[in-house]
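Presented below are the structures under discussion, each in the form of structure tokens.
The following pair of complexes shares a single chain, chain A, combined with chain B in the former and chain C in the latter.
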Partner chain A sequence: MNLGYYPGCSLHGSSDDYQQSLKACFDALGVSLKELDDWICCGATAAHTLNRKLSIALPARNLALASQQGCEELVAPCSMCSMQLKKAQKAMAKDAALAEEMGRIVEAQPNDTHVLNLLQAFDRVGLETIKAAVKEPLKDLKVACYYGCLLTRPPEVVGFDDCEQPVSMDKVVEALGATAVAWNYKTECCGAGMTLASEETVLDLSHKILADAAAHGAQCIAVACPMCNVNLDMKQSVIEARYGVKYGMTIYYLCDLVGLALGLTPKTLGINRHFVARKA
Partner chain B sequence: MARIGVFVCWCGENISRTVDVDRVVQEVAKLPGVRCAINYRYMCSDPGQTMIRERIALEKLDGVVVASCSPHMHLRTFRKAAQTAGLNPYMLEIANIREHCSWVHPDRDEATAKAIDLIRLAVAKVKNNHPLEPIKVPVTRRALVVGGGVAGIQAALDIADAGYEVVMVEREPSIGGKMAGLSETFPTLDCSQCILTPRMVDVGQHPRIKLYTYSEVEAVDGFVGNFKITIRQKARYVDVTRCTGCGECSSACPLKKNKSEFDLGMGTRSAIYMPFPQAVPARPVIDKNVCAKLTRNKCGVCAKKCAAGAINYEDEDKLVKEKVGAVVLATGFKLYDIGKKDGKIAGYGEYGYGKYKDVIDSLQFERLVSASGPTNGEIKRPSDGKTPKNVVFISCVGSRDNAKGLPYCSKICCMYTAKHTMLYKHKVHDGQAHVFYMDIRSAGKNYDEFVRRAIEQDGAMYYRGRVSKITEQNGKLIVRGADTLAGVPVTIEADLVVLAAAMRPADGVTELAQKLNVGYDEFGFLLESHPKLRPVETNTAGVYICGAAQAPKDIPESVAQASAAASKVQITLAASKLTRSPEIARINEKTCAACFRCYETCPYHAIEKAEVRTRKGVLVKRTARVNVGLCMGCGTCVSACLSKSADIEGFTEQEIYAMVESLI
Partner chain C sequence: MVQTDSISDLEFLAQTKFADCYQCGKCTAGCPRSAHMDKTPNQLIRLVQLGDIDTALKTNAIWQCVSCETCTTRCPKTVDCEGIIDALRQMSYERGMASKQQDAVVLFQKAFLDNVRRNGRMNEIQMIARYKIEGFAAIRRLGFLFNGAMLAPRMHMRNKLHIIGEKVRDRGVVRRIFARCMDGKA
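Here is the complex of A and B:
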């Protein structure tokens, strides 16, 4: 299977470990990822808070590139990137004049490339394929599947899974032989980029997520978004110090867990580069 | 030679301001066949009508054109006037020179010219008209009421008390509907069962009401005055004529742990059961999906216990036929199945309904507070039977939500939620009720006072805002929401959460509506003929609607509407024969090629496949034939007919061509 790959700024920067894991995992699944040539920023939070046209033009440029490079399915592992790409697509599909204007601005016509976030990418590979490829089932591992805010929202843009009670990640985790625990904070906000403006907010929100996962018996948390990983993994020691608790909760990208079950080493997957040491 | 009279109305100044009525009269008087042309200030007034009547007699007119307002306004008035003067009413036509001319054109010369053209058209048509006689159809003086809730009960009793026979069909084992399961009712807090069950008994014992419970309408044939209804009586496995309702069978039944439909899953019942003790008829039914005898051929205890020998394991569905003249649809509502995918809506996973035992819907809460409920009216939460000390009520779950619910207001939730907080406080004195609402809609007699009482006397806390998430922690439901008036987020540790789910039409109502050719809206609520002036009629003659099947409404409104529907039924049944407009389709059987395109296209199923035979019974030809009782005169068959055999009386192709020609 060949899929296009849009890394976005995170996977080429702060979340390079995510890229390492993703590539190793998909390679093991027999999926080749072809990185989009000459991609630019998706606009993220900055663009759509400042200028609506810019927030559509930036993803439109990337979609146009995908179209020019013959890419029909594009994996955007960062949930913000995938959401922005889809949002732009939807806005242009609804408004022909806008689509035409965007075509002029980016000097190419974006087409209907199918954009996939990480959950959708695994869905595309297929649960059965994943199940069949498992070599070392993650028996006895209790995972809290954390979707965060953007993997399933806004529902009218993402159009995948139930936005309030999602199960798609749980299904992948179960396919690996692990147990997905029932818990409360599946879709709560981790604070995301608020860390720059108000670190306290991030610490408070992420602390609640860690606490609830721990209270429901999770040994680790699976994420599918670079920002969630940053807040739960990198900030975990700060949270522990601030609230006087000790979680030591391993934070995995979902592809880490798939990779481990496929028999890849933690080092191949870059798990050794995480802040909280792997214990389970 | 035709003798046509033209009467031009000024409509005060409505017409004469823009149309030069004197010139109109001068011009149209010159049209061939026009004997007289007159204008007058108010043609619809008594002197105006008298003028028309006198002229018809004086000039021996055989056709009349009134140039005035829209025919919707006064066609009937003028036709009646013509009829009193001895002219067939269908020989009078209206030229609409007000809505179609004077009101919409500013230029006097152009408007006058157009008025003359419109009259020329009408004169051409009336010359080609021929007298028509109203159609008489016989009436079966009985009514069918579908649905045995409070609306159906009211309608059935009203019709039966007026002296007509009523056939009532209810699909549940007992009549009573949703109201039978309610606790106390707003705004008076009188006990729902105490006011309803006597009415149920009245229905059960009424000499003129024939009750079919555990039955559904299978098929409908015929037309106003002459409906033929096929009713499916579902196998009950109990002979209701032999059964005495003693209850020995359900006491003896070993399979007692089945979820009770009447208690909405909050209580249990046996495999042979009466839905509730006050059921009408007080006869049990066997749940064939559960009963050990019917599923595995083991047990048979109920038959052994039954002294009357009423148990019949061999029972099968039966089809019975009933003839009626009118139909009342009172099929009621259901609550939106929160979180389940239902057409376009599938929202509210955030409330955890179905996931957390102590998140229930409003009808379930009614059972919890009802004296006849699974807890005998003690408020105990489903998970552990403890008395909840903090209860959160969330209104508009599914209502008024374009994003993930339904756009309409379910109308009764504000009131029953206020009632719930009061009933709760009256039973749990140290408890606290919290309500999250969008707006409080309490229009109605003594309604707003009632809500104020809930807040001011019974201390319910009202938060204007929505709940974003409900989670469970240490046996508590953590309800997080917003108080938008205070501008702060609110978190409540609740023991029980009650969701006021949106009202939706009952299951299967659209299929039933299709059988009767009754319209329904995008949500499945039955469509009235006119939202203001014909609120209980449908566009199918002889079929009436009432209660929550038409739109969300409370008990007083449902009852009022049911009585309205009943009175309309009585009007229909009062005549021994029904008069219908003759302006309907006719088919020339000589030229009909029997292709039956009309049969396929007729939206009212008014075309029949007929055979023409000689006196000796030899088949001459097959032909389409119009059922005069059913035809609504829409003309679809005319456009579908390939051999030009179909036509609409009073609007024939000949008449229309004559009108067109008069303009060329």
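Here is the complex of A and C:
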């Protein structure tokens, strides 16, 4: 299977362990990822909080590039990127004048490339394919599947899974032989891109997520977004110091867990580059 | 004070009808940041319904929002509450009305966009350096400058700091897109 790939700035920056894991995992599943040539930043939170036009134009430029490069399906593993791409598509589909204006602004015409977040990408590969490829089942591993905000919300933009009680990640984790625990903070926000701008916000929200996962017997948390990983993994020691607690909770990208079950080594997947050392 | 021009400008930016909101408060109930806001999400919508947009533009609430979309998702009247907050932030930024207290958030978003404007992609180190320097100049607290710095060596150990950032080849088109969207250029 061939899929287009929009890494976004995080996966080419401090979260390139996510890219390492994703590529190794998809390669083992027989999926080849073709990176969009000369892609630009989606604008993320900065664009949609400061300038509406820009928040549509930056994703629109990438959608136009995808169209020019003959890409019909585009995997955007960062949930902020996938949301911005999908939102821009929806805004232009609803408003023909806006779509035309965007064509002028970005100097090319965006089309209807199908944008997939990581959960949708695994859905596209198929649970049966994943199950059949498992070599080392993750039995006895209890995972809290953390979806955060933008993988399922708002539902009319994402159109995938249930926005309040999603199960798509749980199904992947169970296909690997692990147990997905029932817990309360599946879709609560971790503070997302406020890591630098408002650290207190991130410490407060991410602390609640770690506490709830631990209280429900999870040995690790699975994420499908680079920001979730930064806030729960990199900031975990800061959270522990701030609230006088100790979690030592391993944070995996979902593709880390799939990769491990396929028999890839933690080093191949870049798990040794995470902040909280792997226990389970 | 009712400012009808601003109501329609804001409704255009938000792409949603303020009058549809019947103040059930579900947005506020689900908001992870409402306890830290000077006006809750449903109160912000009430202000814009009444046309008191100036008061809404000056709140710290709009900069406390983490854009998690819970409010928009749960609204029984499909009012795009997060869209309204985005529209308020955009207008507040454009008019220079963000309160001093919120400098850090606004400066961060600005540093982010300036960096993308220059490179086409975000260069984390360049962006953080700019944000810290400008933020320190505005906020004047040493803690601001060094907060988070302890993580840098640990990031370096994990090969997560990339000193040389990426640039796209066609930076001309990126500059033109920014000029057309933000500076009103044709």
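One rule holds for everything that comes next: the second predicted complex is superposed on the first by the 280 of 280 C-alpha atoms of A that agree within 3 Å, B and C clash if a C-alpha of one lies under 4 Å from a C-alpha of the other, contacts with A are read in each partner's own complex, and residues count from 1 in each chain.
Assume a residue touches a chain if its C-beta (ideal position, glycine included) is under 8 Å from a C-beta of that chain, and two chains touch if they have at least 3 such contacts.
Just so it is clear, the model here is predicted, and its values are computed rather than measured.
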Side-by-side fit of chain B and chain C on chain A, or clash: clash
Partner chain(s) touched by A:D38 [first = chain B, second = chain C, both, neither]: second
Touched partner set for A:P155, first chain B, second chain C, both or neither: both
Touching partner for A:R273 - first (chain B), second (chain C), both, neither: second
Which of chain B and chain C A:C163 touches, first, second, both or neither: both
Touching partner for A:D140 - first (chain B), second (chain C), both, neither: neither
A:N184 touches, of chain B and chain C: first, second, both or neither? first
Which superposed partner A:T201 touches (first chain B, second chain C, both, neither): second
Touched partner set for A:E100, first chain B, second chain C, both or neither: neither
Chain A residues touched by each partner, larger count belonging to chain B or chain C: C
Common interface positions of chain A, toward chain B and toward chain C: 155, 163-164, 188
Complex contact set, residues of chain A against chain B: 155-156, 162-165, 184-185, 188, 212, 215
Footprint of chain C on chain A - complex, ascending: 9, 12-17, 38-41, 43-54, 57-58, 61, 91, 104-107, 148-150, 153-155, 163-164, 187-189, 191-192, 194, 196-199, 201, 205, 234, 238, 273-275
List of chain C residues in touch with chain A within their complex: 13, 15, 32-33, 36, 64, 66-70, 72-73, 82, 86-87, 89-90, 93, 104-105, 107-110, 112-113, 116, 120-124, 128, 131, 147-148, 151, 154-155, 158-162, 165-166, 168-170, 173-174, 176-178, 180-182
List of chain B residues in touch with chain A within their complex: 339, 346-350, 352, 355, 403-404, 469, 471-473, 478
